């Protein structure tokens, strides 16, 4: 790793520790929910990461369609995997939270429903890819699919306003409906989570790329051997 | 002109094959009917369903049956690579998408004509239905659903898991549509006409998924 | 006139680069026999030339221009798969393709083709009952129906009996006279030996035998 | 001996392909999960289902997901006529049937291990389940269903009516079994163990459809 | 010894009688080339002879007896379809068939076959990516793996390049020496010209050229 990469990783690490302090000690318990509210910092920040990840997937998918460079596709692929993981986090943390305050861990609230859809869509994404043998076509198809699937993200965000459900909506155009120390903790967790996402994306893209390179090399070795065979044979 | 002529040729071909074998139709319909029957059986509804559940199950059924036949129809194109023959036609390749939408729409609509009355007979409890709204939402909902499905079959054409991935992609993508149609249908079943916002969602779906694939088709049509 | 031109065509399938920079020129009225070992990439080359799969790098030109929908009226393609519908009869299959190409006098032309390949007696049965050779005959008819000016054929003689091969060879001769360029992939040489053709060899994804006519 | 060895070879082959394309399993599973959620969505069950309906929907789900994967597994055999390769093996051809039953059974059982808990979490309302009975009926019911399905795929293998036959025959043939399993499952969900007569129906099904096709196979296996 | 015997075999497909009473004898160590026009019923004859489809009337005998499961160890069949699994690799496919036949020393024998047909470099890729000729090579290996004493081949040379054809012909020669009877359907004669064989013609479902050896 280069120096700046070490720096970034360390920064995120320190940020995470600070963030724990803000989440669990510096910010106050909520009036009705009490300490349970602290799930929010993880819950909402995970949602932000998931949305960002899918945005990145869609974006780099489109870039790949226009400029056929494998790196763009590899970024899209790497990002989708992270997004799936973080959507799972949102679902789990939301369920835990819901169990505490709604007395049920799942209802068919629009926000919850659309989030679940998002999870299914990005579960299908790698499956679709893996089931197409032709690499280039797989990349194209996944790009188009990623582009269509990302429509669900604004849908989730708007679901709160369009269809009244029971899922809270505290971040509005008017600002945050909460005490300033909570806002600070929340915003800080956004920054830290996005930093973590950046690191993860970087590592994962590397991984995806190495896998591709490995396969390339394997093929090259095979073709060298085949050529050798042919010379021996004739 | 040439586009339309090709479109008609393709739809005509689908109808001809369908008419020849009637196979797809019979199997999809029987599949749907059996589902109706089984649902009636397991839900043990002497008690009528809530109008929302009634509408919801109806749409689930339509989608399941539609999906089943979409998969099958697609097989026919893949047998001996006939779809590539269509790609050789001297028109924009999106014609394949539109032909698929039309054939499939016809197919599902005819199925609904038989399925819906039967469904209401077995599971329905609605007394005063506003028919115009009901039929309209059935039509628009089906269009949206078929369009999404046709787009996805094109996408997953070369996927070895096509058949099973279809529902996995189709249902999530169609859920907002499903929610809309179910809300509206449920309203029409009790004599209302549904909220404007839901009609808007349905209409938006129809337009979006009829236009978008046409534009994106060149990216996905290549073999 | 140049019917087909490939310039530096590279095609990767999966992680394997199947074609490594192929240059090929095919003139009107010329028949090029493309030979090569199993797995050397001939079929892939044909698919690329037919614009049925995109190149990874490089350029394909039909009649001097980039492939467009409109130019597809002028090319005919026969690949490994027949592109036919098993549930339809021979006649219906051809009429369908005639419609796709917007041909005039469909009925007559289709019958002509069925007769040429001695399929007219079987024109009314769904082709899923056809034998291998009969299907191949019909597939050739399908590819040639609109009298293309550029014809791409992947092992057209496979499955054909002596009579069928002769019919095909005659037809290729006619086409050549009419100025059609033909790119012919085949392992058998015997059936078209007495045509005038130029030979190219594809070896490990590279073309040998002179790309220039 | 040779029969068993061949049986293992065939099951091994299925598992290998399955393992290679794990995606099939994952997608079938997600499909089933999706259905659970869709049903939850349209049935809007804050209120828990009656135990009979709960059991019924569960079995419908299992059958749907099973049918999808059965079809898909079957496709694999038909691609390039691989099934005829199996018919060339120097053992009684019924081995093909039994291999199919085993592979498919494994597949569906593994799916159930994941599906059933999730289903109960989303739609279940049962408090005191008699577990032994529940697991046993799940196992026996699945065996019966898989056996019927495997018989029908063999029957209709070369039939061009395959697509019609499958749903048209599978569901009616499976209805008595379904009734039995639903009755028993519903009983186990409320702590009971179900009537003996239903257990007998299920057992009879299992035996009948495991033995009968084995005997009749030579009549139906011919290409 | 008689490897294969058909007696008055009639076969109807749908409403069409494809074979009208075929008598055929094939001895051990004999190669019979079965020729005939497209659609004359050669493939159907082979399927009947392989006991993959029942006769409508008439009798099929393998090594003098009615076909039984046990006798299937001694026959090898190659039809139009390859009988292979696209998702499995070349090696896995062959090993699977070796298991079905209960062969000893599977691994070694499979590798031998892959090397014989120059497929060993590609033995690790799922065969759905194989080219037509590569798949045909593998299908032949599949049919011959257990060194059958009666071999039924439907157009085995289709799709094979010159090298592949030569390998096959060599193998047929070896088999002949070892006393295997081969029934060979093919439209091409060139590849096996220098073998000793007897010719039969199927015409409109009837066999000509002398049913007796």
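A, B, C, D and E label the chains in the order they appear, each numbered from 1.
The definition used in the following text is that a contact is a pair of C-beta atoms (placed from the backbone, for glycine too) under 8 Å apart; a residue touches a chain by one contact, two chains touch by 3 or more.
All values reported here derive from a predicted model rather than from experimental measurement.
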### Query
Which chain maximises the distance between its CA centroid and that of chain B?
E
### Query
Hey, which chain ends up farthest from chain D, C-alpha centres compared?
C
### Query
What whole-Å value do you get for the distance between chain A and chain B if each is reduced to the mean of its CA atoms?
31
### Query
How many angstrom between the C-alpha centroids of chain D and chain B?
27
### Message
Nearest whole angstrom, what separates the Cα centre of chain A from the Cα centre of chain D?
### Response
36
#### Entry: For chain C paired with chain D, centre-to-centre distance based on mean C-alpha positions, whole Å
46
### Query
Do you know which chain E residues sit against two or more other chains?
86-87, 122, 126, 128-129, 163
### Query
Which parts of chain A, given as residue numbers and ranges, touch two or more other chains?
113, 120, 123-124, 127, 131, 133-134, 222, 226
#### Entry: For chain D, residues contacting two or more additional chains
21, 23, 27, 30, 34, 41, 44, 160
### Query
Which of the residues in chain B end up touching chain D in this complex?
21, 23-24, 26-27, 30-31, 34-35, 38-39, 41-44, 50, 52-53, 55-57, 59-60, 64, 68, 72, 160-161, 163-165, 167-168, 171-172, 175, 178-179, 182
### Query
Quick one: in the complex, what on chain B touches chain A?
151, 155-156, 158-162, 165, 168-169, 171-173, 175-176, 179, 197, 212, 216, 219-220, 222-223
### Message
Going by the contact rule set out above, which residues of chain E touch chain C in the complex?
### Response
13-14, 36-39, 43, 80, 122, 129-134, 136-137, 155, 158-165, 187-188, 190
### Task
Using the touch rule from the top, collect the residues of chain A that touch chain D in their complex.
104, 106-108, 113, 116, 120, 123-124, 127, 130-131
## Note on the structure
Interface with chain A, chain C side, in the complex: residues 12-17, 37, 54, 56, 204
